[in-house]
(Lines give C-alpha, C1' and ligand atoms only; values in the text may rest on other atoms or scores of the structure.)
Protein backbone atom coordinates (compact mmCIF):
# COMPACT_ATOMS: atom_id res chain seq x y z
CA UNK A 1 0.00 0.00 0.00
CA UNK A 2 3.01 2.26 0.53
CA UNK A 3 5.85 3.12 -1.79
CA UNK A 4 9.03 5.07 -1.00
CA UNK A 5 9.42 8.22 -3.05
CA UNK A 6 11.16 11.58 -2.74
CA UNK A 7 9.51 14.72 -1.47
CA UNK A 8 11.26 17.67 -3.04
CA UNK A 9 10.79 21.08 -1.45
CA UNK A 10 11.75 24.38 -3.08
CA UNK A 11 11.62 27.72 -1.25
CA UNK A 12 12.10 30.76 -3.43
CA UNK A 13 11.12 34.29 -4.25
CA UNK A 14 7.54 34.45 -5.48
CA UNK A 15 8.46 35.84 -8.84
CA UNK A 16 9.80 32.43 -9.81
CA UNK A 17 6.45 30.70 -9.26
CA UNK A 18 5.47 30.07 -12.87
CA UNK A 19 8.98 29.18 -13.97
CA UNK A 20 9.43 26.67 -11.16
CA UNK A 21 6.09 25.01 -11.80
CA UNK A 22 6.96 24.73 -15.46
CA UNK A 23 10.35 23.26 -14.53
CA UNK A 24 8.98 20.54 -12.26
CA UNK A 25 6.25 19.69 -14.76
CA UNK A 26 8.69 19.44 -17.61
CA UNK A 27 10.66 16.92 -15.54
CA UNK A 28 7.52 14.87 -15.04
CA UNK A 29 6.01 15.97 -11.70
CA UNK A 30 2.25 15.63 -11.90
CA UNK A 31 1.20 17.15 -8.61
CA UNK A 32 2.49 19.71 -6.17
CA UNK A 33 1.41 21.95 -3.32
CA UNK A 34 2.26 25.61 -2.88
CA UNK A 35 2.42 27.36 0.46
CA UNK A 36 3.07 30.99 1.32
CA UNK A 37 5.88 31.26 3.82
CA UNK A 38 7.70 34.11 5.48
CA UNK A 39 11.28 33.95 6.60
CA UNK A 40 14.76 35.07 6.05
CA UNK A 41 17.56 33.71 3.87
CA UNK A 42 21.16 32.96 4.53
CA UNK A 43 22.85 35.01 1.83
CA UNK A 44 23.85 38.28 3.45
CA UNK A 45 22.92 40.77 0.81
CA UNK A 46 19.74 38.96 -0.04
CA UNK A 47 18.29 38.87 3.43
CA UNK A 48 15.75 41.54 2.60
CA UNK A 49 14.57 39.59 -0.41
CA UNK A 50 13.38 36.94 1.96
CA UNK A 51 11.45 39.01 4.42
CA UNK A 52 7.74 38.73 3.98
CA UNK A 53 6.05 36.30 1.69
CA UNK A 54 7.91 33.68 -0.23
CA UNK A 55 6.82 30.56 -1.97
CA UNK A 56 7.28 26.95 -0.93
CA UNK A 57 6.62 24.26 -3.52
CA UNK A 58 6.43 20.59 -2.50
CA UNK A 59 6.22 17.76 -4.99
CA UNK A 60 6.45 14.00 -4.57
CA UNK A 61 8.36 12.25 -7.31
CA UNK A 62 10.68 9.32 -7.98
CA UNK A 63 14.22 9.82 -6.63
CA UNK A 64 15.64 10.13 -10.16
CA UNK A 65 13.10 12.84 -10.97
CA UNK A 66 14.03 14.74 -7.81
CA UNK A 67 17.67 14.59 -8.86
CA UNK A 68 17.01 15.92 -12.33
CA UNK A 69 14.92 18.79 -10.94
CA UNK A 70 17.72 19.64 -8.50
CA UNK A 71 20.23 19.68 -11.34
CA UNK A 72 18.13 22.08 -13.35
CA UNK A 73 17.58 24.30 -10.31
CA UNK A 74 21.29 24.39 -9.68
CA UNK A 75 22.19 25.19 -13.28
CA UNK A 76 19.50 27.75 -13.97
CA UNK A 77 18.65 29.49 -10.69
CA UNK A 78 21.15 29.02 -7.92
CA UNK A 79 23.60 31.69 -8.88
CA UNK A 80 21.13 34.47 -9.45
CA UNK A 81 18.21 33.87 -7.11
CA UNK A 82 17.53 33.37 -3.41
CA UNK A 83 16.39 29.77 -3.56
CA UNK A 84 16.91 26.65 -1.51
CA UNK A 85 15.81 23.09 -2.18
CA UNK A 86 15.92 19.83 -0.30
CA UNK A 87 14.76 16.25 -0.62
CA UNK A 88 13.49 13.77 1.95
CA UNK A 89 12.40 10.15 1.57
CA UNK A 90 8.72 9.61 2.23
CA UNK A 91 6.45 6.58 2.33
CA UNK A 92 3.51 7.44 0.15
CA UNK A 93 0.09 5.87 0.21
CA UNK A 94 -0.36 4.28 -3.19
CA UNK A 95 -3.15 4.84 -5.61
CA UNK A 96 -1.76 7.76 -7.52
CA UNK A 97 0.90 7.55 -10.16
CA UNK A 98 3.90 9.73 -9.45
CA UNK A 99 6.47 10.88 -11.93
CA UNK A 100 8.90 8.09 -12.78
CA UNK A 101 7.38 5.70 -10.27
CA UNK A 102 7.43 2.47 -12.25
CA UNK A 103 6.20 0.46 -9.31
CA UNK A 104 2.87 2.28 -9.31
CA UNK A 105 2.04 1.45 -12.90
CA UNK B 1 15.31 13.68 24.95
CA UNK B 2 14.35 12.61 21.43
CA UNK B 3 12.14 9.78 20.26
CA UNK B 4 11.57 8.53 16.71
CA UNK B 5 7.97 8.79 15.56
CA UNK B 6 6.05 9.11 12.31
CA UNK B 7 4.91 12.38 10.81
CA UNK B 8 1.85 11.68 8.71
CA UNK B 9 0.80 14.29 6.16
CA UNK B 10 -2.54 14.35 4.37
CA UNK B 11 -3.35 16.77 1.54
CA UNK B 12 -6.98 16.85 0.50
CA UNK B 13 -9.93 18.87 -0.61
CA UNK B 14 -11.09 21.21 2.14
CA UNK B 15 -14.50 19.67 2.37
CA UNK B 16 -12.97 16.64 4.07
CA UNK B 17 -11.54 18.69 6.95
CA UNK B 18 -13.89 17.61 9.72
CA UNK B 19 -14.01 14.00 8.58
CA UNK B 20 -10.24 13.71 8.43
CA UNK B 21 -9.74 15.28 11.85
CA UNK B 22 -12.31 12.89 13.26
CA UNK B 23 -10.51 9.98 11.57
CA UNK B 24 -7.06 10.79 12.94
CA UNK B 25 -8.49 11.45 16.40
CA UNK B 26 -10.41 8.18 16.42
CA UNK B 27 -7.12 6.39 15.69
CA UNK B 28 -5.50 8.12 18.65
CA UNK B 29 -3.77 11.23 17.29
CA UNK B 30 -3.83 13.91 19.97
CA UNK B 31 -2.37 16.84 18.10
CA UNK B 32 -2.16 18.08 14.53
CA UNK B 33 -1.51 21.17 12.46
CA UNK B 34 -3.54 22.38 9.51
CA UNK B 35 -2.15 24.51 6.70
CA UNK B 36 -3.84 26.02 3.69
CA UNK B 37 -2.04 25.04 0.52
CA UNK B 38 -2.59 25.64 -3.16
CA UNK B 39 -1.50 23.30 -5.86
CA UNK B 40 -2.51 20.84 -8.44
CA UNK B 41 -3.16 17.11 -8.29
CA UNK B 42 -2.08 14.24 -10.44
CA UNK B 43 -5.41 12.74 -11.39
CA UNK B 44 -6.27 14.18 -14.76
CA UNK B 45 -9.93 14.96 -14.39
CA UNK B 46 -9.49 16.24 -10.88
CA UNK B 47 -6.82 18.80 -11.65
CA UNK B 48 -9.26 21.66 -11.27
CA UNK B 49 -10.36 20.37 -7.87
CA UNK B 50 -6.85 21.04 -6.66
CA UNK B 51 -6.41 24.54 -7.93
CA UNK B 52 -6.72 27.12 -5.22
CA UNK B 53 -6.96 26.31 -1.57
CA UNK B 54 -6.63 22.83 -0.22
CA UNK B 55 -5.94 21.49 3.21
CA UNK B 56 -2.77 19.94 4.59
CA UNK B 57 -2.99 18.10 7.90
CA UNK B 58 0.18 17.02 9.72
CA UNK B 59 0.15 14.80 12.79
CA UNK B 60 2.92 13.09 14.70
CA UNK B 61 2.08 9.60 15.90
CA UNK B 62 3.57 6.19 16.54
CA UNK B 63 4.39 4.23 13.35
CA UNK B 64 1.57 1.77 14.01
CA UNK B 65 -0.91 4.62 14.37
CA UNK B 66 0.28 6.13 11.08
CA UNK B 67 -0.29 2.78 9.41
CA UNK B 68 -3.81 2.41 10.73
CA UNK B 69 -4.71 5.94 9.63
CA UNK B 70 -3.31 5.22 6.14
CA UNK B 71 -5.39 2.05 5.95
CA UNK B 72 -8.58 3.92 6.79
CA UNK B 73 -7.74 6.66 4.31
CA UNK B 74 -7.19 4.08 1.63
CA UNK B 75 -10.40 2.19 2.34
CA UNK B 76 -12.68 5.15 2.82
CA UNK B 77 -11.39 8.03 0.72
CA UNK B 78 -8.89 7.09 -1.94
CA UNK B 79 -11.27 5.99 -4.62
CA UNK B 80 -13.61 8.93 -4.45
CA UNK B 81 -11.56 11.94 -3.41
CA UNK B 82 -8.46 13.83 -4.50
CA UNK B 83 -6.28 13.00 -1.55
CA UNK B 84 -2.66 12.07 -1.00
CA UNK B 85 -0.87 11.00 2.16
CA UNK B 86 2.69 10.24 3.12
CA UNK B 87 4.75 9.36 6.16
CA UNK B 88 8.26 10.32 7.20
CA UNK B 89 10.31 9.34 10.26
CA UNK B 90 11.02 12.26 12.57
CA UNK B 91 13.01 12.67 15.78
CA UNK B 92 10.69 14.42 18.16
CA UNK B 93 11.64 16.39 21.24
CA UNK B 94 10.11 14.54 24.15
CA UNK B 95 7.81 15.94 26.76
CA UNK B 96 4.49 15.37 25.09
CA UNK B 97 2.72 12.06 24.83
CA UNK B 98 1.95 11.02 21.30
CA UNK B 99 -0.60 8.45 20.21
CA UNK B 100 0.70 4.96 20.79
CA UNK B 101 4.11 6.13 21.94
CA UNK B 102 4.72 3.77 24.84
CA UNK B 103 8.22 5.09 25.41
CA UNK B 104 6.90 8.51 26.38
CA UNK B 105 4.68 7.24 29.18
CA UNK C 1 25.77 18.80 -5.22
CA UNK C 2 23.78 17.56 -2.23
CA UNK C 3 24.67 17.49 1.44
CA UNK C 4 22.77 15.82 4.29
CA UNK C 5 21.61 18.25 6.96
CA UNK C 6 18.87 18.46 9.59
CA UNK C 7 15.57 20.20 9.06
CA UNK C 8 14.33 21.35 12.45
CA UNK C 9 10.65 22.25 12.78
CA UNK C 10 9.14 24.10 15.74
CA UNK C 11 5.39 24.60 16.18
CA UNK C 12 4.43 27.01 18.93
CA UNK C 13 2.15 29.74 20.11
CA UNK C 14 2.65 32.89 18.07
CA UNK C 15 3.71 34.95 21.04
CA UNK C 16 7.04 33.11 21.05
CA UNK C 17 7.91 34.19 17.50
CA UNK C 18 10.64 36.73 18.26
CA UNK C 19 12.15 34.68 21.07
CA UNK C 20 12.35 31.55 18.95
CA UNK C 21 13.92 33.36 16.00
CA UNK C 22 16.46 34.89 18.36
CA UNK C 23 17.15 31.44 19.82
CA UNK C 24 17.78 29.70 16.50
CA UNK C 25 19.92 32.61 15.29
CA UNK C 26 22.00 32.62 18.45
CA UNK C 27 22.72 28.94 17.81
CA UNK C 28 23.89 29.75 14.31
CA UNK C 29 20.90 29.22 12.01
CA UNK C 30 21.16 31.65 9.11
CA UNK C 31 17.88 31.05 7.35
CA UNK C 32 14.38 29.90 8.23
CA UNK C 33 10.82 29.91 6.99
CA UNK C 34 7.71 30.75 8.98
CA UNK C 35 4.25 29.42 8.22
CA UNK C 36 0.93 30.14 9.87
CA UNK C 37 -0.76 26.92 10.89
CA UNK C 38 -3.96 26.03 12.67
CA UNK C 39 -4.38 22.95 14.77
CA UNK C 40 -4.79 21.49 18.16
CA UNK C 41 -2.26 20.36 20.74
CA UNK C 42 -1.96 17.27 22.82
CA UNK C 43 -1.82 18.73 26.30
CA UNK C 44 -5.32 18.59 27.65
CA UNK C 45 -5.65 21.93 29.34
CA UNK C 46 -3.81 23.68 26.56
CA UNK C 47 -5.98 22.48 23.72
CA UNK C 48 -7.64 25.86 23.37
CA UNK C 49 -4.27 27.57 23.15
CA UNK C 50 -3.72 25.71 19.93
CA UNK C 51 -6.94 26.43 18.19
CA UNK C 52 -6.59 29.02 15.49
CA UNK C 53 -3.35 30.41 14.27
CA UNK C 54 -0.02 29.15 15.48
CA UNK C 55 3.46 29.50 14.15
CA UNK C 56 5.64 26.92 12.41
CA UNK C 57 9.33 27.68 12.01
CA UNK C 58 11.54 25.52 9.79
CA UNK C 59 15.30 25.86 9.62
CA UNK C 60 17.96 23.74 7.97
CA UNK C 61 21.12 23.34 10.01
CA UNK C 62 23.90 20.90 10.81
CA UNK C 63 22.79 17.99 13.04
CA UNK C 64 24.81 19.36 15.98
CA UNK C 65 23.12 22.73 15.65
CA UNK C 66 19.70 21.08 15.61
CA UNK C 67 20.61 19.26 18.81
CA UNK C 68 21.72 22.41 20.60
CA UNK C 69 18.55 24.23 19.58
CA UNK C 70 16.44 21.31 20.85
CA UNK C 71 18.30 21.41 24.17
CA UNK C 72 17.60 25.09 24.60
CA UNK C 73 13.95 24.62 23.67
CA UNK C 74 13.63 21.85 26.19
CA UNK C 75 15.29 23.79 28.99
CA UNK C 76 13.62 27.14 28.41
CA UNK C 77 10.19 26.52 26.91
CA UNK C 78 8.92 22.99 27.23
CA UNK C 79 7.52 23.18 30.71
CA UNK C 80 5.63 26.42 30.30
CA UNK C 81 4.53 26.64 26.69
CA UNK C 82 2.57 24.63 24.15
CA UNK C 83 5.42 23.82 21.81
CA UNK C 84 6.57 20.81 19.83
CA UNK C 85 9.72 20.32 17.80
CA UNK C 86 11.09 17.61 15.54
CA UNK C 87 14.04 16.94 13.27
CA UNK C 88 14.31 15.10 9.98
CA UNK C 89 17.34 14.38 7.78
CA UNK C 90 17.20 16.14 4.43
CA UNK C 91 19.42 16.18 1.36
CA UNK C 92 20.00 19.81 0.60
CA UNK C 93 21.06 21.29 -2.71
CA UNK C 94 24.43 22.90 -2.06
CA UNK C 95 25.39 26.46 -2.73
CA UNK C 96 24.38 28.05 0.53
CA UNK C 97 26.30 27.82 3.76
CA UNK C 98 24.29 26.42 6.61
CA UNK C 99 25.04 26.74 10.29
CA UNK C 100 27.85 24.41 11.31
CA UNK C 101 28.06 22.77 7.92
CA UNK C 102 31.82 22.50 7.49
CA UNK C 103 31.47 20.57 4.25
CA UNK C 104 29.90 23.56 2.51
CA UNK C 105 32.77 25.91 3.22
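Quick notes on this structure:
The first chain written gets the first letter, and so on, giving A, B and C; residue counts start at 1 in each chain.
As a convention for this text, a residue touches a chain if its C-beta (ideal position, glycine included) is under 8 Å from a C-beta of that chain, and two chains touch if they have at least 3 such contacts.
Keep in mind the model is a prediction, meaning the values are calculated, not measured.
Between the two copies, chain B and chain C, the C-alpha superposition involves a rotation of 120 degrees in steps of 5. Taking shared numbers over all numbers used, the chain A to chain B interface scores under half, which places it in the different class. Each chain gets a centre from the mean of its Cα atoms; for chain A and chain B, those two points are 20 Å apart. For chain B, residues that reach two or more other chains under the stated contact definition are 35, 88. Looking at the complex, you find that chain B touches chain C at residues 1-2, 5, 7, 30-35, 60, 88-98.
Against chain B, the residues of chain C that register as touching in their complex are 11, 35-43, 50, 54, 56, 70-71, 73-74, 78, 84-88.
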